[in-house]
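Look for subunit A in each of the two complexes below; its partner is subunit B in the first and subunit C in the second.
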Partner chain A sequence: MEALVAIIIAVLVGSGVYLVLRARTFPVILGLTLLSYGANLFVFISGRLKLDQVAVVGQSADPTDPLPQALVLTAIVIGFAMTAFLVVLALRAQGELGSDHVDGQRDELSGEHLDEQRQEESR
Partner chain B sequence: MSNWIMAPILIPALAAMMLLLEVRERHWLRRVTGLAATLALVPVSILLFRQAATGDIQVYSLGDWPAPFGIVLVLDQLSALMVLLTSVLAVPALLYASHGDDRLGPNFHSLFQMQLMGINGAFLTGDLFNLFVFFEVLLIASYGLALHGRGPARVRAGLHYVVLNLIGSAVFLLALSLIYGATGTLNMADFAARAAELEGPALTLVKVAGLLLCVVFGLKAALFPLYFWLPATYASATAGVAALFAVMTKVGIYALLRVHGLAFSDGALAGLGDMALWVVSLLTLGLAMVGVFGARRLGELVAYLVVMSVGTLVAALAWGTEEAISGALFYLLHSTLICAGLFLLADLVSRGRGEVGDALMAGPRPPAAGLLGALFFIGAVAVAGLPPLSGFLGKVMLLQAVPAPLYWLLLLAGGLLAVVGLSRAGSTLFWRAGEPTANVVLNKGRLAAVIVLLAMAPAMVLLGGPLSAVTESVAAQWAQPDLYIHAVLGYPGGAQ
Partner chain C sequence: MNLGFLVLLPFLGAVLPPLAERWRFSRPALAWAAALLPLVALGLLWFHGRRVFSGETVRQLVPWMPDLGLNLAFRLDGLTLLFSLLVLGIGLLIILYARYYLSANEKAGRFYSFLLLFMGAMMGVVTSNNLLLLVVFWELTSLSSFLLIGFWYHQTDARKGARMALAVTGMGGLALLAGAILIGQVVGSYSLDDVLANGDLIRGHALYPLILCLVLLGVFTKSAQFPFHFWLPHAMSAPTPVSAYLHSATMVKAGVFLLARLYPALSGTDLWFFLVTGAGLATLLWGAIWALFQHDLKGLLAYSTISHLGLITMLFGLNAQLAAVAGVFHIINHATFKASLFMAAGIIDHETGTRDMRRINGLWKYMPYTAVLAMVASAAMAGVPLLNGFLSKEMFFAETLDSGQLGSLSWILPLGAVLGGVFSVAYSARFIHDVFFNGEPIDLPKYPPHEPPRYMKVPVEVLVTLCLAVGVLPSLTVAALLEVAARATLGGTLPDYHLSIWHGFNVPLMMSIVALVGGVLVYSQRHRLFALNDRLPRLDAKLVFEACIQSLARWAATVSNTLRNGSLQSYTAWLLAVVALVLVTSVTRELLAGGGREMLPLDGVALLCGGMLIVAAILTTALHRHRMTAIMCLSVVGLVVSLMFVRFSAPDLALTQLSVEVVTILLLMLAMYFLPVRTRRESSMPRIGRDVVLSVLVGGGVGILAFMMMTSGVDSISPFFLENAKPGGGGTNVVNVILVDFRGFDTFGEIIVLGIAGMGIYALLKDLELYSPRTDSLGRPWAKDAHPLILVTISRPLLPLALMISVYIFLRGHNLPGGGFIAGLITSVALVLQYVASGVAWMHRRIPGDYHPVVALGVLLAGFTGVGAWYFGHPFLTSAFWHVHWPVVGEFEVATAMLFDTGVFLTVVGATLLILANLGKLSLLDDKGGVR
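On to the complex of A and B.
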C-alpha cells in the first residue's frame, strides 16, 4: 500500500509541476490544484498508513494518528480558497490583458488570424 | 503570564471584521477605524517589547493545551522587536494610503488589518503549522492588497506573485509533513529538541525538510533565484501597500532566523543549509546591484534596494555569529523603514510628474521639488550606507562582524552602485525637470507619512547606542536556543 500511495503522490506532483510550467493560466491552475492534492495526500500519510483503525485513542488497540487529519483539513480549506481566488484572478487577467498567457502576451493567432480560422472551420 | 501577547493578533482581526460591517459609503469611518486599530498596535507592541526586554520568554498556550500538543504563542526579544517594527511601519503606511489610495477599491482597510494580523501572527507563533496558517493569512491579504487599485501591470505582476506563492505553500506543506513524519511534532521548540538527537533515515528526512523550509522562506524573503517576482509586484502595487510589503520579505528572514537559531544551530542538524544560503545571498546581493543600476523606474529601483537588503541580511544570517545577527537586526530595522519611506516618496514624486510618473526620464518638475529633493537625498544617503545616517552604521556593524573578503567587496560595491544609481535617479527627477504641471498640489498628509519614515534615518543614528544595545541583547538571546526550548517545554533542550 505504501508503494501505491507513493506512486499516486509522485504522479500527482509530477503532473502538477508539468502543468504549472505551461504558458496558459488554465493549465497552470489545474497544475496547482494537482500539486496541492499531492501535498495534501502527503500530509495525510505523514502519520503513517493504517487500515481499518479509528482516529480516537482508547477506541482501538492501534489508533491511527488524528493530527495529520486535522492538518490536512486545514490545508485543504486554505488550498481551496487560494484556488478560487486564482481562478477569479485569471479571469480578470484575461479581461484586462486580453490574453490567457501567464505573461499577458497577445496571441499571434488572435485577432484576424483567429477569425479567419473560425471562418474556415465554419465552412 | 500576561494575555497581552494575543493583542497584536486580536486587535487587527477584530478591526478587520468591524471594517467589513461598516457602511461602504462612510470612508471617513473606515479610515478612523483602521487608523485607530493600527495606532493601538504601537503602545501594545512597546509594552510587549518592554516585557520581553527583561529577558523572560513568555509562552501563551492557546486553549491551555500543554506545549508540544497545543499551539503556543511565544514572545521572546526577537519576535517582540519584529512586532514593534511592524506596528511602527504600519502607521505611516496606512496614513499615506488613507489620503486617497484606499478608495480605489472597496475593502482596502479590512485587507490591511488582515495583513497586519498575519504578519504579527507569523512573528509570534511557536508552532510550525500555525506559521504556515499565518503565512497563508498574510499572503491572501497581500494578494488583495497587491491587486488593489486595478490596472494591467498590477494584474500581470499579481498573477505571477500568486502562482509562485501557491507553489511555495505546497512546498511548505511537504516540508511540514516530512518533519511531522520524522519527529512526530510541529512545535518549534519540541522539533528543535528532538532534531538534535536524530540519526539514520529520520535525520535524512528532516534534513530534506529543513532545506525545503529554507526554499520556502527564501521565496518569501526574495532570495536568488526566487526574487524575480518582487520588483514587478512591489513597483506596481499602490504606495502604501508597497511600504507595508517592505516588512513582508523580513517575515521570510525572521522565519529563517527562528528555525536556524532553534534547530540548525547545534546538534544533528548543525549548519544545515549555511553554505547554500551564503552563496545564494551573495548572488542576490550581486544581482540586486545590477538591478538598482539598471532600473528604469523609481519604484523598481527601490524594489531592488529591498532585494539588496535581503541579500545583505541573509549573508549575515548564514555567517551565523552573534555579532553578525546583531548587526543584521540593526540593518533590518533601518532598511525596512527607509525602503518603505522611499516607496512612499517615489509615489509622491510620480504624482507630481503627470504622465511620466516615476519613470527615470526628464519630465515636469514635481511640486515642492526642493523639499522632495531634500527628502530623497536623505533617503538615498541612508539607504546607500553613506555616513552619517543609519545605513552607514548598520553596514559598519555588519562589516565588523562578517570579515569575509567577498562580502566586504559586494557590500561596498553595492553601496557604490546604489549611490550612482540613486544620484542618477535624483538628478533626473529633480534637476533635469521642465516646467511644473499646473494644478498639482502636494498633499500634506502624504508628505507627513514620508517624513515620519525618513526621519527614522537620523533618529536611528541619534539613538544608535541604545538601539545597538537592544539588537545585541536580542542576538544574545537568539544564540541560546535552550532558553526558548526550556521556556516552551519546561525542560531543557535534549534531555526529556
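On to the complex of A and C.
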C-alpha cells in the first residue's frame, strides 16, 4: 500500500512539474493544482498510513497522527485561495496583455494560428 | 554602573545640534549644544577613572540577546580609559575648532551630529566587553566616518573618498565579524573577559591561523596598513576637523586599539610576529617615504599617519611586553601631535585658501604664533628630544634592537626603523621649512594671510602643551595613565621600564641622531628627489579602485542579466533543476538507509482507485492542450485524493478536499470563459524532453522520499494533542481542537491569508476589462440553454438542505469530523450552486451587497474571541468551555473555540464567494443584468 501511495505522489508531483514548465498560464495553474495535491499528500503521509483509526478521542484504539491532518486541512483551503488568485492573475494578464503566455509575450493572433486550431479541432 | 552612558551620551548628543540649528541658535550656542553631552560623558569618565587608577576594572552587563551570546556588556579598564580620554577629549577640542573652521553657510548642525554619532560609535568600540558588540560598533564607525568623509558631498572627491573608505573598512569589518564568531566558537563565549583569559586555548586551536588572518584583515583595513593603506589619503577630502579627529585619535586608532585589546588573546606566536611586524614595517617605510613627496599639506600628514600607524602596529607585532608598552605610549603621543598638526594645517588652509606647499611659503612672517605651535608639533612628529614623540620613538628603536626573532636577519628591523625615522624627520622638516620659511608665498588665493581667530588656536595650544609636558616631564604627566593602559593591554603584568629623557649615551640615541641628521640631509636633497619622483609612472589608487569596482559591477550585471532573462519558464526550470539535484543527491543516499516499518497490505479497491488517479493525472498532463478535457481529468484526481483521505483515517480532510474540489473546478471552468479553450503546440522537442526529464527526476525523487518516510518509524509530538484534546480543549475531534485551540493562532493567521487572497482577487478584477466573447475561442457559440430547468428546479430545494447539513457539520465539528472550515466550504458550495443554476443576476437580486463584510466579520470575530481571553487574564486565544444541559438535546459542550470557529466559517464563506461571485460577475459586463 505504501508503495502505491508513493507512486501516486510521484505521479502527481511529476505531472505537476511538467505542467508548471509550460508556456501558457492555464496549464501552469493545472500543474500547480496537481503539485499541491502531491504536496498535501506528502505532508499527510508524514503521519504514516493507518486504516480506520480516526483521530477522535474514544473512537479508535491507536488513533492516527492528527497534527499533519490539521496542517493539511488549512493547506487545502489556502491552496484553493492560491489557485483562485493565480486564475485571476492569469485573467488580468490576459486582459492587460492580450496574451496568456507566462513570460508576458504578446501573441500575434494571426489567422494562420486560428486556422491551425480549427484544423486540429476537425481532426 | 552606568558605563553604557559613556556610549549613549554622544549618541543622544547627536540629536541636539540639528535641533539647535532648526531653532536658529547662534553658532557658539550650536557648538555648546554639541559639546554638552560629551562633556557630561567626560565627567562620568573622570568619576569612573579614579577606580580604574586604583587597579579596578569596571564592568556593566545588560542582557540583549543572551541566547546568541550578544549582550550590552561594557568594561572600563586602563586601555579603555586611555582611549575614551582620547576620543572624548580630542573630540571636544575638535568641536571647538570646527566652530571656527566651518564657514557660516555650512550645515554645522549636520556636521556636529555626524561627529557625535562617530564619537558614540568609537566609544562603543573601546568600551565593549563583548566581541560581537564591538563588531557592531566597529561597523558603526565605518558608517559614520563615511558620512563625515563625504560631508562635502557636492565634491566628487569627497564622495569617492568616502565610498572607498567605506568599502575598504567595511570589508575588513566583515572579516573581523567572521574572526570574532570563530573566536566565540573556540572560546565558547563572546565575552572579552573570557576571550582574554583563554589566549592559550585560541593560540593552540587549529583555527588560530584563520582567526588571526580574519581579525588582522579588520585591523589592517581600519588602521590603513599596507596594502590597505590607499583609502586614507583619499579620505583627506573630508573637512579638516574630520581628518584631525579620524586620523589622529579615532578611526584609524580603532585598528591598533583592537591589536592592543586582543593582544593577550592572539599575540605571542610566530605567525603574529611575521604578519603584524611585517605589515607594520612595510607601512612604516611606505608611508614615511611617500609623505615626503606629497605637495598637499594634508596629504603629507595622511602619509605620515600611515607611517606612524605602521610603527605602532610593528611595536605590537614584536611579541615583547616592552614593545607593547611603547606601542600604547606612541598611540597617545601620535594622537596629540597629529591632531594638532591637522588643526594647524586646517588653519593654514583656512587663512591662505590653499594646501599646496609649493605655493605656501614663508608664513612665519604672517602667522608667527601658529607657526610656533605647528613647529613644536612637527618636531614631536620627527622625534626631537624634549618632546613626546622622542620618548616613544626611542623606545621603538630600542625594541627593534632587542628583537631577535629574525635570527641572523634581525638587523632588518633596526635598519627599517632608522630608515623610517630618517624620512619621518625629512617630511617633518618639510612641514616646517617649506611652509613657514623658504621664501615668499606664491599666488595665494587669500592674501595676506593672518592669524586665525583667538579660540581656533586653543585646541592646538592644548595639544602642543601636552606634547611638551609629556616630553619634558613624562613621569609627572603620562606615567600613571600609561601604566594602567599598558597593564590592561598586557593582561595584568607589567615589565620594568623607565620613562625618562636621558638613558645615557646608547644605541637608540645613536639611531635617533642618525635619523635626525639623515632626515635633514634627505630634505636638503628634496629637489632632486622630487624630480626623480616626477619621472616615475603615476599610479592613482583611486582610479585603480574605481576601475576594480566598476569591472565588478559590470561583471555582476552580466551575471544577473544572464540569469534574469525575463522568462518565468526558465526561472522555474532552474528552480526545479536545483530541486531535482538536491533530491537526486540526497535521495540516493537515503535509499541505502532503508525503512523498517511494517507495510499495509495492498487490496483491489486501493489498486483500482490508485490506478484511476494515476491515469487521470497522466491524462491531465498529456491532454493539457485540450483544456476542458484536462479539467475533467483533474477533477477525477481531486476526487480520488479525497477518497484516499477517507481510507487513511482522515475524514476531516476528505470533506475539505471534496468541497474544495467542487469550487476549484467551478473556478477553472469560469476562467475558461475568457481564456482560449486550446493551448497551441509551441514547445520544441528538446524543451519537452528537458521538462520530461525534470518531472521524472523531481516526481521520482519525491516519491522515493515519501516511500522512505512512510516505511520508517515515527516519533511524533501528537500524543500530547491526543491526550489533551478533551481535558484541555473540550473536544474529542483532535484535528479540529488543534485547529481552533492548540494551534489557534496559526489558524487565525491562515484565515487572514484567505481574506487577503479574496481581497486581492477583488482588487485584481476591479476595472479589469476583458473581452467577453460571444463564442469560445474555436468560434463555437455558447449553449442557448444557460440555466437548464432541471438544474434550477433541483438546486433550489437543495439549498436549505445543504445549509442544514452545514450547520450540523459545524456544530459537531469539535467532537466529530467537521468544523468551521468544512461547514464554510459546504455553505459556499451550496450558494455557488445557486449561482451556477440560476445565474449571477438572479442571485444578486436575492443577496445584494458584496462579501467583503463577511470576510471582515469573520476575521474580527476570531480576533475578538482571542482578545477576549485577555479580559480573563489569559494569553491570546486561550479557550474556555462549559457544559450546558439543553432540554431535549441533553448535555452539550459550549467552548469559546466555537466562537472562533464561527469566525473561521464566516471567513471561508466570505472569501470563497467573494472570489467566485466576482469572477462570475465579469461575464455579465457585456450584457448588464441579463440572465446568462
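The rule we apply is simple: the second predicted complex is superposed on the first by the 104 of 123 C-alpha atoms of A that agree within 3 Å, B and C clash if a C-alpha of one lies under 4 Å from a C-alpha of the other, contacts with A are read in each partner's own complex, and residues count from 1 in each chain.
Throughout what follows, a contact is a pair of C-beta atoms (placed from the backbone, for glycine too) under 8 Å apart; a residue touches a chain by one contact, two chains touch by 3 or more.
Everything numeric here is computed off the predicted structure, so don't read it as measured data.
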{"item": "Touched partner set for A:Leu32, first subunit B, second subunit C, both or neither", "value": "first"}
{"item": "Which of subunit B and subunit C A:Pro66 touches, first, second, both or neither", "value": "second"}
{"item": "Touch count on subunit A, higher of subunit B and subunit C", "value": "C"}
{"item": "Contacts of A:Leu89 with subunit B and subunit C, given as first, second, both or neither", "value": "both"}
{"item": "Partner chain(s) touched by A:Asp103 [first = subunit B, second = subunit C, both, neither]", "value": "both"}
{"item": "Shared contact residues on subunit A - subunit B and subunit C", "value": "16, 20, 25, 38, 40, 42, 45-48, 67, 74, 78-79, 81-83, 85, 89-90, 92, 102-103"}
{"item": "Subunit B-facing residues of subunit A, complex", "value": "16, 20, 25, 28, 32, 35-36, 38-40, 42-43, 45-48, 67-68, 71, 74-75, 78-79, 81-83, 85-86, 89-90, 92-93, 96-97, 102-104"}
{"item": "Of all residues in subunit C, those that touch subunit A in their complex", "value": "566-569, 572-573, 576, 597, 599-603, 606-607, 610, 613-614, 617-618, 620-621, 624-625, 627, 630-631, 634, 637-638, 641, 644-645, 647-653, 656-657, 660, 663-664, 667-668, 670-671, 674-676, 678-680, 682-683, 691-692, 694-696, 698-700, 702-707, 709-711, 714, 716-718, 721-722, 725-726, 732-735, 738-739, 743, 746-747, 750, 753-754, 757-758, 760-761, 764-765, 768-771, 777-779, 815-817, 821, 825, 908, 911-912, 915-916, 919, 922"}
{"item": "Touch list for subunit B against partner subunit A, complex", "value": "129, 132-133, 136, 140, 143, 147, 150-152, 155-156, 158-160, 162-163, 166-167, 169-171, 173-174, 176-178, 180-181, 186"}
{"item": "Subunit A to subunit C touching residues, read off their complex", "value": "1-27, 29-30, 33-34, 37-38, 40-42, 44-60, 63-67, 69-70, 72-74, 76-85, 87-92, 94-95, 100, 102-103, 113-114, 116-118, 120-121"}
